[in-house]
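The letters A, B and C name the chains in turn, as written, and every chain counts its residues from 1.
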Amino acid sequence: MNEPNKTFDATTFVKGLWKENPVFVQVLGMCPTLAVTNSATNGLAMGLATAFVLVMSSMLVSMLRNFIPKQVRIATFILIIATFVTVAEYLIQAISIDIHKALGAFISLIVVNCIILGRAEAFASKNTVGKSIIDAAGMGAGFTFALLCLGVVREILGSGTLFGLQVLGQGFEPWVLMILPGGGFFTLGAWLLLFNYMKERKAAKMQEVVA
Amino acid sequence: MNVLNKPLEIRTSPHLKSAVSTDQIMMNVVIALVPTTVFAIYAFGLAALLILSVTTISAVLTEHIYCRLNNKESTISDWSAVITGLLLGLTLPPALPLWMAALGGIASIAVVKLLFGGLGYNIFNPALGGRAILQAAFPVAITTWHPAFLADRFTNIPSSSLAWPFTTPAYDAVASATPLGNMKFNHIATDVTDMVMGLTSGSVGETSAALILLGGLYLVARNMMSWKIPVIIFLTVAVFSGIVHFFNPATPTPQFMLFSGGMMLGAVFMATDMVSSPVTEKGVIVYSIIIGIMVTVIRLWGGLPEGMMYAILMGNAVTPLLNRSLKSRVYGTGRKGGAK
Amino acid sequence: MSQTDMAQMIEAPKSWYMIRALAGIGLMCALLIVTTYEMTFETIKANKAEVLERAIFKVLPGSETKNIFEVNNGEVEKVEGETKNEMKYYAGYDANGQLVGIALEAAGQGFQDVVRMLYGYSPEKQAIVGMQVLESKETPGLGDKIEKDAAFQKNFAALDVSLDDAGQNLKNEVVFVKNGTKTNPWEIDGITGATISSKAVTAIIQNSASANMPVINKNLDKFKK
């Protein structure tokens, strides 16, 4: 195995938040992104649960990276991820039964969230523990940020509330569509549109500077 | 050469070139919708007039602005946005808040048509797609019906129509049930003659079956519409619901099924949409049967009283599959098609 | 030595590495899960009990403590600890230890999926005094009004479920009426736009009440503290 590059800087963390945002740029982990973001609280809880699993499993994978033979690495990664998902499920139940009920089966489905396996395979298994944790924390934060973005829009339009508090006047007619699965697709589409628009504008500006 | 003046080819080859262009067909569809629209305004008064204007204007404006933003020549002169807006308005309940109607017009054109690539590329009928979005977003408002032929319909606008944008509408006390709603929830059958004449409550333009059929006949006479789609849908519904009615007289009669709700409007003006219906003969038959079966199933066993919109959208969804799997036999080749 | 033997010689330690990695990590993971389970077990149990208790106190206004009962071989018995019996009666008592009422769970088919609810019965008023939906997947914005709609919840503030003279059946069946047409205390005023869900709630309450009210009334003394 190559001696891993030990130097890391702020970009290790920040790239997951923005430039390589798992949802808006990599378009990974769509199942929880669309399914549980019908309120800001659910989006945040799901994001944090995923980030927890991501950081813990990246840490362990990175720690054990020289101990795991290449042939069984996927099986071990899944084993490690599944363990932390189970741990997360117990912890959420201990924190709040209501959140556990709202997230339902999607907690268990964190196991198959490709972001986590992707980071374990692409980053944690090749980098030092510290760097892996920071990378995972950045990706987790980016994922949480994205889910929160969706949850906020969907909750405000779909129920007129934010984190359960009334933000739009009593007379507001909620767009029920937004808290149904269809609203998830519309909102995600709108966010992707915004992100791509910003990216293109930035690229155009860069070109102007060069020219 | 202007794309719009190309002859429109709506069925698989071989094509006989006709001189009819897209905008001519579209304009004739608008003409065919005139009797229905006039009757709708007569039956529901100012409310219907406002709804139809708002949906049409919002649809046309959306298309115009979108073209401008993309530095393209505006495509509103092909009349298709007008048809979408008009059809959407005809499927909405008369006292729907106007801001929702405008949102529906924008969604029809922007989401269902332009995002898929514009006229000719949309998978779903834009008007129905827009209505489906409204139905999902505002399920209560879109199922609150307003009675027809109120005495003050030409002087008074229902208070719900003028609800401030994004606010919950306050309804005038006089809500009424559609024939389908009465059938489903109260088990009251409405007289079929009333439904043919358009004396019942319902969406703006779905109430008069006779005038819709008249418009359809006009298009068929001018050879601008496939008569097969509505006829096969009607036959399927009549036979299917007839069988069910025979075994269980509590279910609606076939004549009730045919003349209630959006059956006529949907089958004549929406299922026949050239863009979102199949291009082959066999495809058209299967497509129409699917719509007929789906609408009957939803109406008889589903939770909703009306299923025409979802039935047609499902038909639209399988259209690409039908186009691919039910190709016409190339002339001169064997039944299995292989000869080259 | 043949080639396959050579390969085996090289492979042998490798498969040992694999077994070592899988078994070792498996063991470590198992330990981790068991530790978390043990550590959170009490908190989760307390949380679940608290959620249930909150629901019971809500459907039995005025109650502050509770006891759990169940029917064994036709006899109502007080339960301590865990039992497998699904059907339980939760008796709620006020600050003075007086019986406020009995809460029980009911479930049935809603519009989308099974609706589970808890309702409170007051023997003194011979009426249902509260209802809370525990679990439902009804359509957001329409069917889920059975959980939130204040006007609908008011149906269950005093819903008559008194028994006939023989004590075997409800005097009046709990029936569904269209929104705004409730005239009798045993009628449930439906929600506009959520007819099917409100009808489902009515049916669930009617089924559960007609089955359980005779049992509760016959054994009323046993529920008292």
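Here is the rule we use: a contact is a pair of C-beta atoms (placed from the backbone, for glycine too) under 8 Å apart; a residue touches a chain by one contact, two chains touch by 3 or more.
Note that the structure is predicted; figures quoted are calculated from it, not measured.
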By CA centroid distance, what chain is farthest from subunit A?
B
Looking only at C-beta pairs in contact, point me to the busier pair out of A-B and A-C.
A-C
State, to the nearest whole Å, the distance from the C-alpha centre of subunit B to the C-alpha centre of subunit C.
45
Rounded Å distance between subunit A and subunit B, as computed from the means of their C-alpha atoms:
41
Distance between chain centroids, defined by C-alpha means - subunit A, subunit C (Å)
33
Which positions in subunit C touch two or more other chains at once?
139, 141-142
Which residues of subunit A are in contact with two or more other chains?
176, 180
Residues of subunit B that touch at least two other chains are 139
Parts of subunit A lying in touch with subunit B, wherever the complex brings them together:
168-169, 171-173, 175-178, 180, 182, 186
Complex interface listing, subunit B residues touching subunit C:
139-140, 143, 185, 303
For the complex, give me every residue of subunit C touching subunit B.
111, 139, 141-142, 192-193, 195-196
Which subunit C residues qualify as touching subunit A in the complex?
14, 17-18, 21-22, 24-26, 29, 32-33, 36-37, 40, 43-44, 47-48, 51, 135, 139-142
Of all residues in subunit B, which touch subunit A in the complex?
97, 111, 133, 136-139, 141, 163-164, 166-169
